[in-house]
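Both of the next two complexes hold subunit A, though its partner changes from subunit B to subunit C.
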Partner chain A sequence: MPNVETALKEATTIDGALGAALVDYASGMALGTIGGGKDLDLAVAAAGNTDVVRAKVRTMEMLGIQDEIEDILITLGSQYHLIRLLRARGSQGFFLYLALDKQRANLAMARHQLKKIESELEV
Partner chain B sequence: MGGTALVPAGAEAEILAELRRLRARVPHLTGALAASVDGLVLAQDSAATEAESVAALTAAALGVAQRLSDSTGQGGFRELLVRGEHGYVATYAAGNAAVLTLIAQPRVNIGRLHLEARRSSLRMAELIDHTLGRRGGPGDRP
Partner chain C sequence: MTSASIPAQVPPPASSASTSVSPLLTRLAEERATGALLRDRGTLFLEDGRIVHAESPATPGLEVLLTVGGGLAPERWREAVDRAGARRQVARFLVDSGSLAGGELEICHLAAIFDAAFFALSPGSGPSRFRRGATHWIGSVRSVPAVAVERETRRRRELLDAVWPYPRLDTSPVVPREAAPGQTVTLRQRSLLRHADGVRTPGQLAWALGRPAFHTMLDVRRLAAAGLVDTPHEPPPTRAPVVLPDWVTRHQPPDVALLRRLRDALEASL
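For the complex of A and B:
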């Protein structure tokens, strides 16, 4: 079982990766971050995307949809932002966040790789 | 309002505006107040909490936090987070003379709380240190 650090390192090997974070959406704080920089403050991303995840969870409750969120894709002009919720037993309440450069990324491949990282990760 | 003459009315209004901005930006905040490090309310924007007693308790906690930080080699005080069964109390240094204390529901996004409160405390520090500085500086206070 890879730990948080190795999982995040693996996420940076995904083509086009700009930064990644593992976030606790109960608190909005990151358990770990990698990459980012002055153009991408991952602490801000962690807090902001916590609101995104919470809003979607609440929306599903309101719609009466009894299902789980697997991932959330946000497409920007120049980037993709992927949010993948952890679903392993004992690892719920966390999500992986990955920012990708749209020019360099292969979305299908990135999503597949992130899914693999998520499924193997134990917090 | 504070009811103290620690800061002039103009500065108090600006601090209050900052507190209101903070409450608008962070959902699930139930109270926000700026206090001097010796426990006097400078400005407050809260639903129900007793600002005076919170400010006084903040000052007491601050004293312990400062000593704890100092004696373990962590330097000056920056922030203090208390999590109770029914929510959070967070205190952030706002310069040398004042602190920002926030009360939040358990659902609050702590990551966002930290981000917004750190920014606000910097702006408040400028406001407060500037006014107190003009009136002799925090070093003159007891």
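For the complex of A and C:
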């Protein structure tokens, strides 16, 4: 049974993965985390990134775009942060959060793998 | 990067005993106890000291989250309870019968645990009792450490007040206000506002929407902060009657001589 734990473990096998979390964006709580550490507190990252998602949702409403967010990419000097929203009926309002080391990551591959992990959580 | 876990990497502060949300829960977790911790506003189920389920009359349970909020057909839920409730494997039945993806169920169940625990552990939830050995018919889905639940409960209390520090909003009827020209209201907010009829409280809205009650309270606080929901005014403090000095209240005979002199002076000048 693919579950939160296996999904997060799989996320850490993505090249360059530094940490991952499954986050409830209405409350800002991380339902599960893996990796991270003192340089990257995933509980804090989870709470903070809910504001990112909320801001984007609001912006789309302002623009009148009738669409859904699939993922959000934030590029830092040394890291990529990927946010992927879950869309199954029972898990709306949650997202997967993945931090990657920019030097070691293949962005296109990472997006693809994260999409696969999301779909496995929901079927 | 070893095992997936509910974030527990932040060690509890050394003074956790004094700041503990529930000293009894802390002790039961240390004892690795199994059973049900009953409080006025909810019940936590423990297995080997970890929390495996929680429910509270203040918030919709897993059934409502899955059927109203998640689109699971109510008959599928009833079937699972009828056929697997007695052997305490409702969760497993839902997944094995194909009603629900394992991941979906787990996510919803975790959300329900933290939501119910927030109310069960709220201050004023009364005395705690522990029924050793009691288990819940939902069966095993996922367990979370008690310390993670306590930490999240504290974080949620602080978050509510950080957003908009008016606790009366949590229990008062939600009264929508018209959006300012050009103000954006998101889809999620709109569906909440549509159900807000000026009578329902955030808790009642949570049932109608099939969303966790804490989430609804937080949404309402955000809406109030944005001016899209009325913020109930705190009742005005009952003002102590102003005590006037004696010389004002005491009945005194008018100074007739003074009044005459005043009248004479006025008449002379007219």
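Everything below uses one rule, namely that the second predicted complex is superposed on the first by the 120 of 123 C-alpha atoms of A that agree within 3 Å, B and C clash if a C-alpha of one lies under 4 Å from a C-alpha of the other, contacts with A are read in each partner's own complex, and residues count from 1 in each chain.
The rule is short, and it goes like this: a residue touches a chain if its C-beta (ideal position, glycine included) is under 8 Å from a C-beta of that chain, and two chains touch if they have at least 3 such contacts.
As the structure is a prediction and not an experimental result, all values here were calculated from the model.
Participant: In the superposed arrangement, does A:L96 touch subunit B (first), subunit C (second), both or neither?
Facilitator: neither
Participant: Mind working out whether A:M29 is in touch with subunit B, subunit C, both or neither, as first, second, both or neither?
Facilitator: both
Participant: In the overlay, answer first, second, both or neither for which of subunit B and subunit C A:L114 touches.
Facilitator: neither
Participant: Report the partner of subunit A that touches more of its residues: subunit B or subunit C.
Facilitator: Of subunit B and subunit C, the partner in contact with more residues of subunit A is C.
Participant: Please indicate which partner A:L85 is in contact with in the superposed arrangement: first for subunit B, second for subunit C, both, or neither.
Facilitator: neither
Participant: Based on the superposed arrangement, let me know which partner A:T50 touches: subunit B (first), subunit C (second), both, or neither?
Facilitator: first
Participant: Is A:E122 contacted by the first partner subunit B, the second partner subunit C, both or neither?
Facilitator: second
Participant: Where on subunit A do the contacts from subunit B and from subunit C line up?
Facilitator: Comparing the two interfaces on subunit A, one with subunit B and one with subunit C, the shared residues are 27-30, 43, 46-47, 54.
Participant: Using the touch definition from the top, list the residues of subunit A that touch subunit C in their complex.
Facilitator: 1-9, 12, 17, 19, 21-22, 24, 26-37, 41-43, 46-47, 54, 57-58, 61-62, 86, 88-91, 93-94, 120-123
Participant: Quick one: which bits of subunit A touch subunit B in the complex? Just the residue numbers, please.
Facilitator: The contact residues of subunit A facing subunit B are 23, 27-30, 43-44, 46-48, 50-51, 54.
Participant: Using the touch definition up top, name the residues of subunit C that touch subunit A in the complex.
Facilitator: Interface residues on the subunit C side: 1, 3-7, 9-10, 66, 69-72, 95, 100-108, 110-111, 114, 142, 152, 155-156, 159, 184-188, 211-212, 214-215, 218-219.
Participant: Where on subunit B is subunit A touching in the complex?
Facilitator: 109-115
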